[in-house]
Amino acid sequence: MRRFIDLADFQREEIEELLSLARRLEQRPEPQALAGKVLGLVFFNPSLRTLASFQSGMARLGGTSFVITPGQGTWQLETRIGAVMNGASAEHVREGIPVLASYCDALGIRCFADGKDLARDLAETQFRSMDELVEKPLVNMESAMNHPCQALADWKTLEDLSVPRRAKFVLSWVNHPRALPLAVPAATVHMAAMRGMEVVVLRPEGFQLPAPIMERARRAAEAAGGSLRETPDREDALSGAQILYAKEWGSTAHYGDVEGDARLRAGLGDWCVGDAWFAQAAADCRLMHCLPVRRNVAVADEVLDGPRSVVQREAWNRLTVQMAVLHRMLAPRHAH
Amino acid sequence: MRRFIDLADFQREEIEELLSLARRLEQRPEPQALAGKVLGLVFFNPSLRTLASFQSGMARLGGTSFVITPGQGTWQLETRIGAVMNGASAEHVREGIPVLASYCDALGIRCFADGKDLARDLAETQFRSMDELVEKPLVNMESAMNHPCQALADWKTLEDLSVPRRAKFVLSWVNHPRALPLAVPAATVHMAAMRGMEVVVLRPEGFQLPAPIMERARRAAEAAGGSLRETPDREDALSGAQILYAKEWGSTAHYGDVEGDARLRAGLGDWCVGDAWFAQAAADCRLMHCLPVRRNVAVADEVLDGPRSVVQREAWNRLTVQMAVLHRMLAPRHAH
Amino acid sequence: MRRFIDLADFQREEIEELLSLARRLEQRPEPQALAGKVLGLVFFNPSLRTLASFQSGMARLGGTSFVITPGQGTWQLETRIGAVMNGASAEHVREGIPVLASYCDALGIRCFADGKDLARDLAETQFRSMDELVEKPLVNMESAMNHPCQALADWKTLEDLSVPRRAKFVLSWVNHPRALPLAVPAATVHMAAMRGMEVVVLRPEGFQLPAPIMERARRAAEAAGGSLRETPDREDALSGAQILYAKEWGSTAHYGDVEGDARLRAGLGDWCVGDAWFAQAAADCRLMHCLPVRRNVAVADEVLDGPRSVVQREAWNRLTVQMAVLHRMLAPRHAH
């Protein structure tokens, strides 16, 4: 495997093999599998789980890693092609990224959406400007519209919990002080669709997911024998739900318009998941969230501290699936 | 050992065993003792020695470490229970800390005092809110009122220098531009008391150590056959002293009151340790300081650059004792 | 080898041995050569290549490294002797640097020029204040007036490309929004002179290199059978050039005078290397630059993206030569 950029690039069988490898490494560690290998990690944006799990995962496989954080310890990096660089950025990704790739055996890049121009972000303009410069194996540690490591970790979590393939999976918008990127909702809806689930996106008006994301996920759902729909009706969505996946994101109707987005979310304070949300759900309905989560804004303490929450298992699975991805990318053949 | 939070949690024999292990590792390195082990380090506050010595110590034992710095590379973490998180903090320690603990074999946490409410800081409210979330081995890398790694390093330094158990140990307040936490003075006075020394706390009026800290240390002194008293009288304190341990801390009479504290310290510019301080001390009286130290504010160049200073040995012993703690926590049994 | 501070400290034969070792490690990795060794890296200034290549290089030789960044994660460090430290710096290098050195087997320090007082920067006042405190092997990761790792990497690049020893090497000033330090031009001109090349420094009026740097390089050129001269005439300089080494630096005529420097460079926008610069150069003339480079300010896209650019090879050689330096400093004798 040379690229881990988007779950949609893989066949279902390939994903199942990755999950199987993740389980194998969970049970039978291979502390020398990546001896001598170096992973480079470039963070254009903050991280807690991603940073710690990639560094720990690489170490648990016998390899090492280094971290570069543009704008902090390193200068800002320019991504615009043809830029006259007389501003804040001291180096262009066209120099910086191939240099960093040359120092390591695989590279991970995190680069969130600009959040100003939806078409530009949907086209993954920034991530692609770097992707094309890297010949080494490359991992997407969250781009404008994707977060395949989170999606794969969540898929493994659903398997770990024996959630039936056809179960009802509700991705619900939840409240947040400001607009967040669409990467996790986009990756989540695609993952659940690819798994063949009954996927429902629950969100207030103005927060529908972009059409290209929904269309792509709908095709994946159809291919897997599942379904996908969107609704603003909480009761309709949650009735019989096996999974409530809570996530914050910005208004697509006011993309890049901070004030318009703020006006829209001002009246949405009740989109904070409490115990009452589960009234019509399946008895063992679980609460999923990729973290970080703002307590008592997005999800109430009573849910996060209660038995429905599986957020710790999701975070744990970031480590397990990323170790599988790194192993597949970097382990010598005979080690497979 | 599952916890290294407070020197007072240990019996004298256990501490002597740790010091003995530290000496053994100093003389006979065990470069594979912690092979495959991962240490997570969480710094809510800046560090130089702690960061470098934990990373180096883990490496010297064959293990690895990762570093998470809330507010820098990672978002701020909330510690207040029940908080409605619509402010600056994006994640609660109730999620973040167990996640980080799950990625490593042992966790170290540094979280200084808030410095606003003495009772709250004495209760170690913040550190305990995280301690209770961690099932893995946990190291206190400095909390509101404790710094057991520094205290153990200082104990070893006293042993290295063959300072008699009953010698006079003076912990002296020294000047600083602003109020600093009580963690080191509290840990130091307890360490010297536990060692059985004749402990004197020398400080100006308004800077007495909190009663619960003094009382606890007094009991430790009595149990060890030593003594503890406080005085503002420099000549009384330093007469016959074998150790002068200089440390800056905030006024307890004006805890959390920046202006009141500043007024009090305005007239205390002469609390900068110079050669003259040693006039009545033992001929071989040593200057100790945990570092960082502000030269010519807290301690004069003439002392820090002179033969009395043992600050480099104290810093070196941070590495040796922490390696012993990590070894005890993480090395397979047969390696002991 | 105990010190890697300045290329001028070495005989030509020693440099050739280092380059030979770099080539050997490039072809036949020694993944255990520095097993158990720890490298400490102190960055007073930002870094991308230096940080990543030292961490990766140490890992590829089986060792580990830790990073300390004063002012970020760690407090600011004071370098002035005799300072009364009541300002922003919490610790003096006289404490901090020996402590860090004690935790590792070799130390690297990056400390750029103050850029205020040319004589002080030429004297390497800050770097020397730390150098004298370190008994362990020490690497200069860029000081006020030197960057020996870059110079050695560039020397290897010239060898890799089979650039004849006597070829014409032009170091040209190029444009930048503000004054940058003299470390790279000083190290570059000395390297090319030491290699025995026909060295020409091309720069606008007001940007001549300091006399002590030119004199020292001229002596090196003479000893190696080469030459060194300075000119503001682009056609004269570039005619027949085999190498065009582009570099930004501040006006020496207005050193430390931001406004004077800005006035001088205001009219120098055409000092951005484009294809036209190579009209009279050798057909296979190469563009070198240490990076980071501001595209379309210092060097145009057409050159950086064209076949003349060897900047990626220079950056790659940072890794190869630094591994050779670390190997020479830290590998057990029998491993040589």
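Each chain gets a letter, A, B and C, in the order it is written, and its residues are counted from 1.
The definition used in the following text is that a contact is a pair of C-beta atoms (placed from the backbone, for glycine too) under 8 Å apart; a residue touches a chain by one contact, two chains touch by 3 or more.
The structure presented is a predicted model; accordingly, all values stated were derived computationally and were not measured.
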Quiz item: Suppose you hop from subunit B to any chain it touches, then on again the same way; how many hops at least until you reach subunit C?
Solution: 1
Practice problem: Compare the two sides of the subunit A and subunit B interface and say whether they are made mostly of the same residue numbers, over half shared, or of different ones. | Solution: different
Self-check item: Centre distance in Å when subunit A and subunit B are each reduced to the mean of their C-alpha atoms
Solution: 40
Practice problem: Would you please write down the residue numbers of subunit C that are in contact with two or more other chains? | Solution: 64, 72
Self-check item: For the subunit B and subunit C complex, residues of the former touching the latter
Solution: 29, 31, 43, 46-49, 51-53, 55-56, 59-60, 62, 64, 69, 72, 177, 291-297, 301, 304-305, 311-312, 315-316, 319
Quiz item: Can you list the subunit B residues touching subunit A in their complex?
Solution: 35-36, 38, 40, 64, 66, 68, 72-75, 78, 82-86, 90-92, 94-96, 98-100, 102-104
